[in-house]
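Next, two complexes with subunit A in common: one pairs it with subunit B, the other with subunit C.
Take a look at the complex of A and B:
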């Protein structure tokens, strides 16, 4: 179509084993940008939000944005959108690598999977030819085995997204892995894929993406690349240390949740830091397609009791399999991170769930007999063992596979699960960083750092420094960050670029690609529209505003240590203001006027 | 000496920006399959290798062409395909031992790197890590020699 779109979606009915090509709804593409926004629009129109996430009626959407496969702002991204089996909310998980661009180059902008296959299948796409193939021989295989096998039997240059054994076993936080090490990680999108008996999607695309205004697009990209290559975070910090640069920074801020958020600092943080990773197992840096940052860490375990190689761990993983389990053994964390990729599991949720189990053990609620071993904080070997048992669906691993909320609830203490809407916190304490607490409470997919990364202003001072303990104005900041992120996730660019570039640059790239003439304000409204659409989905799914809250620990147990000692979250003071800046009623429900302004009625 | 695209694999991050820049500049679309420069990612070995036409002194493609459509410029040394003379027979494609000249079905002609003709090479302009350089001197080779020499120098200090 010459405007960042092919105007085509592939609909795959797994029950009937039929693939059909449909025209993409370009009115929706204009209003909801693409990726996360556009796929959520389709999901909202096509499924009942109350449907069982693991049932036949749920749908699974793989969506690119109009900028996916181009250059300028690390545009190698796509989104997986479905209803989450972990939270019951809309799930939308982002991933990079090469698969997203290959999908775009095949000539499809989006794939919608519906129904459920009777036997394991995988989808093969070779440009405009799509067919479902038997996957019985792939079932049970790890993600890297699956990718190697598919490449051998289908096409040597195919790019693959697949689930591992965890997705097959319906682990509630199973992820979808593409290009072996990139994950659409959170909210259990891999379990939905497993519930449909869909093992993998393999794509070979030799076409391309065109833009409405090539010279304008090139100029816009030159501008963004210059900004990315001169900003200290994207040109120095992330390339040098990856996301793991944050371990020491967040620990020094008293915001590194430790031992299931019983503490806010970890005395052994240095040994799980990005600096330590460079000294030990880092081999080199890597970028996704079109990326200029290269935050990915290619690593290999050498001289350790563990073996393996792969990518990561990221900051969140160093924390989840490290600090919050009280673990400082870098080799064990790296190994467990590899296992999560191979079995296809979200590292944040599994680490947090192991930490929760360790606290249940500490309190005598879980016994050694039940697990088959003691579950002490700090025991690295036990953590690695539990990750493996969860991936394989063995013994107590099946309980870990439920996530921390369902685990703690089964012992009568759901308050010991560090979750919002049943999804685990990432690596920032909501007491130490007040805005993040508000962001967790209001995020549309449960606790999450990549729905509105207020760590950026509150800790890193970008785009300006805010006091992490202040609550004034945090509601407006949360809204702005949430809306911008919705826009970025929908456009097909990497969120990490937004440390350097802003809405004007994304708008300029979008306009040149699609031939539209949007203003920055209109793009912010589009982000707001996407956010409200997700909120409406959740409300219809029965996720009430009463769930816009935090665990009792964060609201009423003061941090016992570190620079933020004595502090609790002041969420109750911030939440009404948040509803107000969102244009919602005091009951947390979007008003008719607001929805009309956004074109959502 | 001839100006060429010089490649330092250790600086590559496997982002394929060179392929994106090349195909967008010459084919008007972002399409790695149509790029004249190739960034190959060997994921399991953590190696990223970039290859492109080295504008041979005595080009196989030129010698093979039955129509005299391929020329090596006397001054710049750039090996180009004259699309008016090219009949799309693909003899050059078979002849190049490096796979650096290909047939494009869209044009029906042979297609290869021309270092962007009079302009600065687009792939080099968009390379984020300076893994690609455009120079007369083989700068990556010079860097390797220097690194080796510095090791020798440090060794001398120990004696």
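Take a look at the complex of A and C:
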């Protein structure tokens, strides 16, 4: 079509084993941008939000944006959108690597999977030819093994997205791994794939993607690339130390949740820091396709009781398998991170769930007999063992596989699960960083840092420094960051670019690609529209505004240590203002006027 | 004495050195200590934190006893004997 889109959607009915090509709804593409927004529109139109997330009627959508596969701003992202088996909310998980561009270059903008295969299958796409293949021989294999096998039998240059044993075993936080190490990580999208007996998608695409205004796009891309190559974060900090640079920053700021959020600082943070990773297991950095930032960590375990090689760990993983479990053994964290990739599990949720189990053990609610071993905070070997047991579906690992909310609830103490809407916090304490607490409480997919990363202004000082303890104006900041992120996720751009570039650059790229003439404000309205559409899905799914809250610990137990000692979240003061700036009623429901303004009625 | 702690790119530039102690003098500010720090190092280090006009780069974090100097008096913030100054060149993640 020459406007960032091919205008083609591949629909795969797994029950009937039929693949059909449909025209992409371009009116929807204009209103919902693409990726996260467009796929959520399709999901909203095609499934009942109350449907069982792991049932036949749920659908699984792989969606690119109009900028996916173009150049200029790390434009190599895709989204997996479905109903989450962890939260019951809409799930949309983002990933990069090489698979997203390959999908775009095959000539398809989006794939919708529906129904359920009787036997394990995988999808093969070679440009415009798509077919389902038997995957019985792949079932049970790790993501590494699956990718290697598919490339050997289908095409040596194919890019593969697949699930590991965790997705097959319906672990509630199973992820989809592409290119062996990149993850559509959160909300259990891998379990939905497993529930459909779909093992993998393999794509070989040799086409391209064209833009409506090539010279305008070249100019816009030149501007964004220059900004990415000169900003100290995207040109120096992220390439040299990756996201792991945050361990010491967040710990020193008193916001590193430790021992299941019982503390806000970790006295051994230095041992699991990005600086330490550089000195120990880092081999080189690596980028997703076309990315000039290259924040990924290529690592190898040497001189340790553990062996292996791969990518990561990221900051989130260093925290989840480290600080929040009280663990300072870098090698154990690296090993467990590899295992999460191989079995296909979200490192944030599994680490936080192990930490929750450790607190249940600390309180005498879980016994050694149940687990098969003591479960003390700080025990690295036990953490690695539990990760493996969860991936394999063995013993107590099956309980970990439920996520921390269902685990804690089964012992009568759901308040010990550090979750919002049953999804675990990422690596920032919502007491120490007030805006992040608000963001967790209001995120449409449960606690999440990449729905509105207020850490950037509140701690990092980007684009400007806000006081993390102030609450004035945080509601407006949360809304703005949530809307921008919805826009970026929908465009097909990596969120990390926004440390350097802003809405004007994304708008300029989108206009040149799609042939539109949108203003920055119109693009922000598109983000708002996507956010409200997700909210409506959740309300229809039975997720009420009463769940816009935080665990009791965050609301009423003051941080006992660090520079934020004595602080609790002031969410009750911020939430009414948030509803107001969103244009919602005091009950947290989008008003008819608001929905009309956004074209959602 | 004042303890300077080095993080991120700064530590990599200093070949893994984690900290340094500098003598404290009455009237010392964060800005003055950065000048003293630069004076004892052979390579240009403070350029990772501030520009040629002495302005903090966007994203630079300097914590004085774990409090961000942007919420104090920035580079003019007074430093007392025994204080700890943590220096982070711009970095980010998610």
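We adopt the following convention: the second predicted complex is superposed on the first by the 601 of 601 C-alpha atoms of A that agree within 3 Å, B and C clash if a C-alpha of one lies under 4 Å from a C-alpha of the other, contacts with A are read in each partner's own complex, and residues count from 1 in each chain.
Going forward, a contact is a pair of C-beta atoms (placed from the backbone, for glycine too) under 8 Å apart; a residue touches a chain by one contact, two chains touch by 3 or more.
Predicted model only: the values in this text are computed from it and were never measured.
Contacts of A:80 after superposition on the shared chain: neither subunit B nor subunit C is touched. In the superposed pair of complexes, A:460 makes contact with subunit C only, with no contact to subunit B. Looking at the shared chain after the overlay, A:568 reaches neither subunit B nor subunit C. Once the two complexes are overlaid on the shared chain, A:203 sits clear of subunit B and of subunit C alike.
Touch criterion not met for A:380: it reaches neither subunit B nor subunit C. In the superposed model, A:487 lies in contact with neither subunit B nor subunit C. Of the two partner chains, subunit C is the only one that A:449 touches; subunit B does not reach it. With both complexes placed on chain A, subunit A has more residues touched by C than by the other of subunit B and subunit C.
When both complexes are overlaid on chain A, the residue A:241 reaches subunit C alone and has no touch with subunit B. Remark: subunit A residues 69-71, 98, 101, 105, 179-181, 206-210, 214, 218, 225, 228-229, 283-292, 294, 298, 300, 309 touch subunit B in the complex. Contact residues on subunit A toward subunit C in their complex (touch as defined above): 231-233, 236-238, 240-246, 248-249, 252-254, 270, 274-275, 278-279, 295, 314-316, 449-450, 453, 456, 459-463, 465, 467, 495-496, 499, 562-563.
Subunit C meets subunit A in the complex at residues 7-9, 11-12, 16, 18, 48, 57-61, 63, 65-68, 70-71, 86, 88-94. Touching subunit A in their complex are the following residues of subunit B: 13-17, 20-21, 23-24, 27-34, 41, 43, 46, 48, 126, 128-129.
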